[in-house]
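Given below, in the form of structure tokens, are the structures.
Shared chain: chain A. Partners: chain B in the first complex, chain C in the second.
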Partner chain A sequence: MKPKTLWTLLFLGPPVALFAAIIAVPTVEAFRLSFTDANILGGATNWTGFDNFTEAFQDEHVRSSIRITLLWTLFGTVIPPALGLGVAVLLQNTTRFATIMKSLLFVPVAISLVVVAQVWIWIYQPDDGLLNQVLGLIGLERWENAWLADRSTALYAVFVSWAWQQTVLAMILYLAGLATIPAEYVEAAKVDGATKLQIYWKVVIPVLRPVTTVVLSLIAINSLRNFDLVYAMTGGGPVRETETMPVLVYRTLFRLHEQGEASAISIILFMITLVIVGGFMWWGRRGRYAD
Partner chain B sequence: MTYRNKTRRSWLKLSILIVLALVVAACGNDDDAPEAMEPPATVAPATEAPATEAGGDEPEATAAPVDLGSIEVGHYFGSDLGQQAIIDINQTFGMGEVSISPIEHEAFKDQILVALAGGEPPDVFSYWAGARTASVQGNGHLQPITAAFDGADVWNNFPQALVDAGIYDGEPYLLPFGFHYVAFFYNPQVMADAGVTEMPTTWDELIAAADQIAASGAKPFALGSMNRWPAQFWFDFLMLRTAGPDYRAQLMSGEASYEDPEVTAVLERWKELVDAGYFVDDANAYTWTDAADAVANGEAAMTLMGTWITGYWDGNGLVPVDDYDFFNFPVIDPAVENAALGPIDGWVVTAAAANPEGSFALLEHYASPENQLDWAIGQGALPPNSNADTSQLNPVMQKALGEVEVADSYSFNYDLATPPAVAEFGLDMFQAFMDNPAGYADLQADTQSAAAEAFAG
Partner chain C sequence: MPTKPGLLRRTADQSGVGHSGAARRRQSQGTLLSGPGQQSPLRRRSGTVALALFVLIYLVPVLGVLLTSLKTNKEIAARGIWAPSGNLTLDNYLDVWRNVNVDRYLINSIQVTVPAVVVSIVGGAMIGYALAKLRPRGANIIQMIILSGLFVPPQVLLVPLFTLFRERDLINTLWPMILVHSAVGLSITSLVMRNFFDQIPDSLRSAALVDGAHEGQVFIRVMLPLARPALAALAVLQFTFIWNDFLYPLVFTTSDDVRTIMYGLWSVEGQYTVAFGDQAALAVIASVPTVLIFLMFQRHFIRGLLAGAIKG
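Let's look at the complex of A and B:
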């Protein structure tokens, strides 16, 4: 064996083995289990073909969790990126205020989602929560609500707390992207008589397309795999109103013990993720600024 | 051979040596890790060791200590005092090293399943008697603990109802360690302020008391059903006091339907209470500790909860009898027997236990009246061993023990009485009911549909 080959194997072997152990093998195993009636408690496992998939699509709770997850992803890929871009544009200069704000706004992404959940649970508390107190102070007592217990508001309440953190993630990426835009582009547009709005719309945003692709892909993935925040804030309730697909997988596996069915729902989620993130990647490649 | 190739080979040899050294070091650390992380309990004098063989006139104290090796124990007991009691109890076990892994109560429910599925569970773990134990026992994850039952003479030292709670498929699998009693725990001051001097014993008296409390400005009933399970006690007791334990057992086992008139009557009676405004607003926004706090600070008069609430209140500095007390769920139909309700915590030994002999000896140790009492006091539970000196329990817990003793029967609460796959949907129903009691008929139909599917397997 050539020394170069040996070195290649030595350095590439461990990461490939690690990838196989923690990604490839479990994924293949999940595919296999999705075609069985496996139970996490054990017992005989039988091949059931596509039964788990057909039952999943017939189950109103699975359909509901798909709807919730897609709605979350839709809002997630619009609101946090738009807000993140807006804040990044406002903070892109180097004034002392902008620097301090940038440092402060980084805090949410550095906090564990479970801590974020505890903070927002307090904000939404019906009695002494911050939101209801503020509403009371400004004379909007009639809007006070049990935000996380009300079936019509719980999903949006959890979404807002998640979007708060994701906006900062988008802002960080956009700040990095804005710093790479050559000043000549903006200057040339100004010389051509473009307004501020036209400069952003026709120059800055198109140039940021690769960054936007990364932002949308990351936030879409975060939307689709969202478990910890929802579980910590509502556990999927009230009455399963915030049951995203990962929360449903957890419930199906650990509460109902149905490993085969939980694997099938995971595979459905995996496919949805591939389609959505693949779509963003395709969009990003298709309209690359360099092209 | 060039200098470069020589150098490469030298580096390669050096790299391999480093990797080997790291592997050896890692293996060494592995062996040391448990000791470093969990100092083993000291091997105490053989006070618990079995007597020496017959024929010896030597005093027992001279017998060599028996060392049955190390035993891994996992448990979900969250109370600080309860956890400390476990540590203390393990330190007096003189027959081996006990390493314990406490896991948060809710997380334990999942992690133990992962450990069992992965084939690496602890030797011994705490578990809830009833349907949960039945589900893991039925799948071959546990082994019978007849040796521990015989050694501690659980058969004669524990009340029959608690012995029965440990029997599955005709053999003992769970050693009862502590049990609880669900009742109306109330704030005496709020009751006094509302003019309720005699605690209700009948349904009419309960409604009259609720009216008085509501008129005084407090909410009669606190409930925190955010995590669903606290609402189950209302369904349980309304069912036990109207349809009785036998019908309830049929419903829990799938022989009766959630659309039966008995279930409808329970939900209609419960709905009357909600409609009357007796419950705190937005029950689904709160946890059981929020409800306990609402009673403690006087916003509400009472909450239907288990005796573990005393551990929570004691930890917050409340004084039994002065600051809290309880009364039994009132009689609704005098023809229906007086059933007590609550969960039983116990210990099981896994089928894959590396040290079954040591595990049985440890369970025998856990069964002693002194150890059961120590833990019960720390955790806010009742000791199953009839020989425990219950005069050491606080007056409220002594009263609870008395209520269980005079009860006609003892039932597990809903999520331990019916299989987990059914309980999930029942718990959903209770939370949905608190959200919209008027929709109870749809909830019954949905729950029956899910239960029928789960029972059909």
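Let's look at the complex of A and C:
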């Protein structure tokens, strides 16, 4: 063997083996299990074809979790990126003070979703939560609510706390992206008599397209994987009103012990992820002639 | 001193709905990408105030946890979590340290995070270097397969991995968390490192080889030192991600001896038997490492996030 081939094997071998053992092979195994009636408690495992999938699509809980996850991803890829871009545009100042303020604003991204869950539970508390207190102060007592216990508001309440964090993530990326836009682009547009709005719409946002691709892909992935926050805030309740697909997979696996069914749901989630995130990446690549 | 008109004008400009012609003209000369030098001192001051106010409101949840952790539990019980407070104390921290398994949780978190960060980054650098500089046949296929790991939801892996670790008697040890985080991280680290090594000229490698170094020495003595910025970026990214994880300790541990700080925090969360002040103190303890690292190295973190997809 040539030394170069040997070295290639040495460099690639250990990390690729790790990846294969923990990610690649288990992913294939999940596909296989999704066609069986495997049970975590043991017992004979039978090949059941597409039964798990047809059952999944007929099960109201699975359908509801798909709906919740898609809704979450839709809101997630619209609201935090838009707000994040807006805030980033307003915060482009480079004074010392602005820089310090910006670093402080980054803190929500550094903290765990478990911590986010905790503080927002306190904000939404029915009796002395911050939200109800503020509503009371400004004379809107009748809007006060048990936000996380009310079936009609729980999902949106959890989403707001999530958007609070993801907006900062989008903002950070857009701030970095804005800093890379050459000043000449904007100057040229100004010389041509473009209004500020036109400059943003026609120059800044198109130039930011690669950053937007990263933001959307990242937030879509985060949305589709959303487990930690929901599980810590509501556990999927009230009455499974906030049960996202990842929470349902966890429940199916560890409460109902059904590996086959859990695998099938997780594979559906995988496929949805491929389509949505792949779509964003494809959209991002289409615009690359601009480079 | 920021005057009222200044403050109003500035906020109108910021919201982008300045209606007067003067305001619009000022905007168009505006601050889009220019430095602060072109603004009048008055506007800068009022902008500063508006910015500080905005940041303050946005960080109310963070400040709430911080303040609650410093209040006496008697006061929280009497006046609620969100009441502004006069007398602050560190009692909750001492309390939590004595009564909750905090030191064990922290040690476990460190024992999971540090090896997983190191393995995922070194592994990613090895893959990235091999693909970028040794260019084996099928390099792009290998890259594609490893990159596709980004799309695999953790829930897909839970079922098979749980069986795998149970068969090897690893449930309720730190190993599942270390192994999974190390492997999951490879997708992003190998992408960033490959992009990085792609930009380093081949001549550097050949020169070192001519001088009698072997590939291993080129990698360790020449390439890794050059890659320090990329490695730092990935370290911050991975540290934040792994330290904050809650799913894997939830799934792969069954006793307190092997649980991480985020699991510990979750287990007391929303429990009425654990005083709110103590919960808050625990949340602050759990967040200090990532917040500190993030504030110190935030530039690296941002670069880490952007690096992969933009160049890739």
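Rule of thumb we're sticking to: the second predicted complex is superposed on the first by the 287 of 291 C-alpha atoms of A that agree within 3 Å, B and C clash if a C-alpha of one lies under 4 Å from a C-alpha of the other, contacts with A are read in each partner's own complex, and residues count from 1 in each chain.
We adopt the following convention: a residue touches a chain if its C-beta (ideal position, glycine included) is under 8 Å from a C-beta of that chain, and two chains touch if they have at least 3 such contacts.
Remember, it's a predicted structure, so these values are computed and weren't measured experimentally.
K.L.:
Touch check for A:R251: first (chain B), second (chain C), both, or neither?
P.N.:
After superposition on chain A, A:R251 lies in contact with chain B alone.
K.L.:
Contacts for A:L105 in the overlay, against chain B (first) and chain C (second): which applies, first, second, both or neither?
P.N.:
A:L105 contacts chain C only, not chain B.
K.L.:
According to the contact criterion defined above, which of chain B and chain C contacts more residues of chain A?
P.N.:
C
K.L.:
Regarding the shared-chain residue A:R151, is it in contact with chain B (first), chain C (second), both, or neither?
P.N.:
first
K.L.:
Figure out whether A:P3 sits in contact with chain B (first) or chain C (second), or with both, or with neither.
P.N.:
both
K.L.:
Looking at A:I40, would you say it contacts chain B, chain C, both, or neither? Reply first, second, both or neither.
P.N.:
Touch partners of A:I40: chain B and chain C.
K.L.:
Of the two partner chains, chain B (first) and chain C (second), which one does A:L274 touch, if any: first, second, both, or neither?
P.N.:
Touch partner of A:L274: chain C, not chain B.
K.L.:
If we overlay the two complexes on their shared chain A, which of chain B and chain C does A:V115 touch? Say first, second, both or neither.
P.N.:
A:V115 sits against chain C, while chain B stays out of touch.
K.L.:
On the A-aligned overlay, A:P238 touches which partner chain: chain B = first, chain C = second, or both, or neither?
P.N.:
In the superposition, A:P238 touches chain B alone.
K.L.:
Once the two structures are superposed, pull the chain A residues common to the chain B and chain C interfaces.
P.N.:
3, 7, 10, 40, 125, 254.
K.L.:
Spell out the part of chain A that touches chain B in their complex, as residue ranges.
P.N.:
My answer: residues 3, 6-7, 10, 39-43, 125-126, 146, 148-151, 234-235, 237-240, 251, 254-258.
K.L.:
Of all residues in chain C, which touch chain A in the complex?
P.N.:
14, 16, 24, 27-28, 30-36, 44, 47-48, 51-52, 55, 58-62, 64-65, 68, 80-82, 119, 123-124, 126-127, 129-130, 134, 136, 142, 145-146, 149-164, 179-180, 182-184, 186-187, 190, 214-216, 219, 240, 243-247, 250-251, 262, 265-266, 269-270, 276, 279-280, 283, 286-287, 290-291, 293-295, 298, 301-303, 305-306, 308-310
K.L.:
For the complex, give me every residue of chain B touching chain A.
P.N.:
Touch list, chain B to chain A: 5, 8-9, 12, 15, 109-110, 113-114, 116-117, 135-136, 138-141, 226-228, 281-285, 420-421, 424, 428, 431-432, 435, 454.
K.L.:
In their complex, what parts of chain A are in touch with chain C?
P.N.:
Result: residues 3-5, 7-8, 10-12, 14-16, 18-19, 21-27, 29-30, 33, 40, 90-95, 97-98, 101, 103-123, 125, 127-130, 133, 164, 172-173, 175-178, 181, 183, 186, 190, 195-197, 199, 204, 210-211, 213-214, 217-218, 221, 224-225, 227-228, 231-232, 245-246, 249-250, 253-254, 259, 262-263, 265-267, 269-270, 273-274, 277-278, 281, 284 of chain A touch chain C.
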